[in-house]
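So, here's a batch of structures to check.
Consider the two complexes below, in which subunit A is the common component and subunit B and subunit C are the respective partners.
Moving on to the complex of A and B:
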């Protein structure tokens, strides 16, 4: 008989404790983000698709060596460059030198597996991960990114 | 004669309107309340504070086609949702909101409300049986066994109250508790010292009668798809839903009338319909609060609670009250 009543009282007590907890939660602020209207900033180490990094003059740091293209296991990166002649002082005399300038840097995000091998293999720190995550589309073409154009748009 | 017919029509329209508006906006309150308890905003897109959500849901439900599954008993399938809503509206006719606001005062109002409340179990049984779905049948068997076992302690508690007050008229029941919260039936009196326990039993039973969590065995989503209304779409489902919320309002009104002094003020000041509405909405909030706090019980735990705890205690209270009424 004692066990019967103690069970009832313990049960009731636990129910009241539960009610108190939810009552306290009721008045606390909401923790969710109303997603389409507001987005949260991604953390520092978020790994989105890759992005070119610019130098001080706003040009891409990339020297078109093609290490990222070779490192990519899925063949998602394609880049092109052209040779440009320029004047530079070498040991006190002006000389005409050649360098490669990036003309195209395309990422095919449909095959990219976000492994990050391209960023690992870049010796010049010219590419990094972007923080983009609102990447949904019904068209395949939307995932062929022209990263050079993105860089120019970012600068302008 | 024509005036009484007009009165009746106005009463019925008012009862339907009150039930429908409450049902629609209690869904909103339920979803907002559930959201707050779970630290999220709930529906907040349609209109200010999401207040246009119920009309949107209603239009969506009404625009859908009623699908009758093959092999179902068409007549029972169509009758069941109406049977869920109609008794709830009927019960509103006799509930006194204040001294003057009552559609039809009856001297057996308590009896009538419980008679109609029992029809709710019938609609669940017909829905489960008529839709020819094994989940629906299982759910309706559960819901009916639950409703039967919770009706017993509920009615025993009501008998205790009726014995004390000597009336079945809801208005007289409230009039007997006028004057302040120390006169309420929920407060222990000399003749019935266990009244708070009775109040608790009645509260638990009315939760179980409305088939809501933690007693929602009749529509246990995780086990039985959607329970007895698995096969219902469109307004068939809508009527079950509205019936459930109308039953909540009736349950809260009954608790208020039987135990909490109806339209009387806790301190005996300014009795009126506002106190009644305040009390029922506090009770409805507690229903919502309980629903989003506790997980669902098992069917065994549910029946054990009724047969092993609620019925013996309410019977003991009945006998104690009967004995003490003889003494004093």
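Moving on to the complex of A and C:
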């Protein structure tokens, strides 16, 4: 009989302790954010999908060496280039030289795992992470990014 | 259908828990043969989300496998990538600067607390208490914010590199971590008062779900499951890797073998992790985070390499058999939850289904890691 009453007492005690703790939470500041109306600033190092970087003239810095393509674990990056002849001064005389120009840089974001190997393997600092995180869509094609087009749109 | 089905005395029926069930926390199926409320026999069915991570490890180069490891266990991802970098560093003989080792230990311990916090919330929710989950997620959010500022992602980190780290920590991180430690200690006291002292919680767990030390040895269980059965084994203490030999911390061991013991082990482990973080921040040396000399292409010499680490769920091991090329010949992952799960069939025989699910919660299962 004594055990019965002490159990009731213990139950009430732990109930009261629990209520006190949860009641105190009423007076603490709100920690959530009403999401679509208010957003949190992304941290500086946030790794979104990749983005091309432009040089001073607005062209992509990328020289299409393909290091990012080889480093990618899931084969998400595909790029193409054409070689363009141009004239440059080399040791005082004009010479025709060839260089590669990027014509296509596609990222298949459906398979990308955001590991950052491409950015790390780029020796020319030509790609960086974007801060995009609102990437919801019901169509698969929306995640095949044409990064070159995005760069041109950003410039215009 | 004509009328209710009457089960005859002595007759059993089959009950499927999962593959989609809130109590299994993932895609796990348990086929139970029931006699009323009691389990006669249980059989776990695995493989619903098998993704061939081991095979992927064999046909990708070593750096390319790095993001895979954090997909094994999404709650304690850093511990798993830590195992991989340590294994490859051992294989290829890459030196790691001391600062990088300390930062690794600090971030792994933060991740361990985050993982335990989420487990704590989910476990109490399994038992019917919803509020502690909200408190636990709030605390976990501080850790995620800290780690996001350093690593760039919130859950599936890819932070460690062979020989060092992806990028250095800054003063903001150190300040945030220093502020977090006293806060977390206060919160742990709150959890103790709110949950551990609760009489309903105690009655649901005490002397229920016995997992003996022999059973742990038989199935190879490790981590908090083994430590709750009185086995004093922690890879960080028994085979120290990284800089763990320089930290002063205790390994919590409970001899009760019940679900409450496993709960207590994890709650005490959070306290010990805080101690490690505190010491790590104090001792943190200056210097580089990547070695000066690092091979461009990682090609470990021929051989067989093994590295075990203590993750939030138990001891996780990676075995790499190298044939001298840039891909591993064999990439074997020994995951702790797989062993912890396999004892469930034997342990839950004769238990009531509610107690068995409470015991399953105390095993801390993460299904992607079982199925890998």
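The rule we apply is simple: the second predicted complex is superposed on the first by the 123 of 156 C-alpha atoms of A that agree within 3 Å, B and C clash if a C-alpha of one lies under 4 Å from a C-alpha of the other, contacts with A are read in each partner's own complex, and residues count from 1 in each chain.
Following the convention adopted for this analysis, contacts are C-beta pairs under 8 Å (C-beta built on N, C-alpha and C of every residue); 3 or more make two chains touch, one makes a residue touch a chain.
The shown structure was predicted, so the numbers you read here are calculated from the model rather than taken from an experiment.
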Which of subunit B and subunit C A:86 touches, first, second, both or neither: neither
First, second, both or neither for A:31, with subunit B first and subunit C second: both
Subunit B versus subunit C as contact partner of A:18, first or second or both or neither: both
Partner chain in contact with A:10 - subunit B first, subunit C second, else both or neither: second
Per-residue contact with subunit A, leading partner among subunit C and subunit B: C
Partner chain in contact with A:133 - subunit B first, subunit C second, else both or neither: neither
Which superposed partner A:46 touches (first subunit B, second subunit C, both, neither): second
Overlap of the subunit B and subunit C footprints on subunit A, listed as residue numbers: 18, 21-22, 25, 31
Residues of subunit C touching subunit A in the complex: 60, 63-68, 71, 131, 135, 138, 141, 145, 148-153, 156, 158, 166-167, 190, 193-194, 197-200
Parts of subunit B lying in touch with subunit A, wherever the complex brings them together: 33, 35-41, 44, 289-290, 292-294, 309
Contacting residues of subunit A [partner subunit B, same complex]: 8, 15, 18-19, 21-23, 25-32, 34
Complex contacts: residues of subunit A adjacent to subunit C: 7, 10-11, 14, 17-18, 21-22, 25, 31, 43-47, 71-73, 113-117, 120, 129
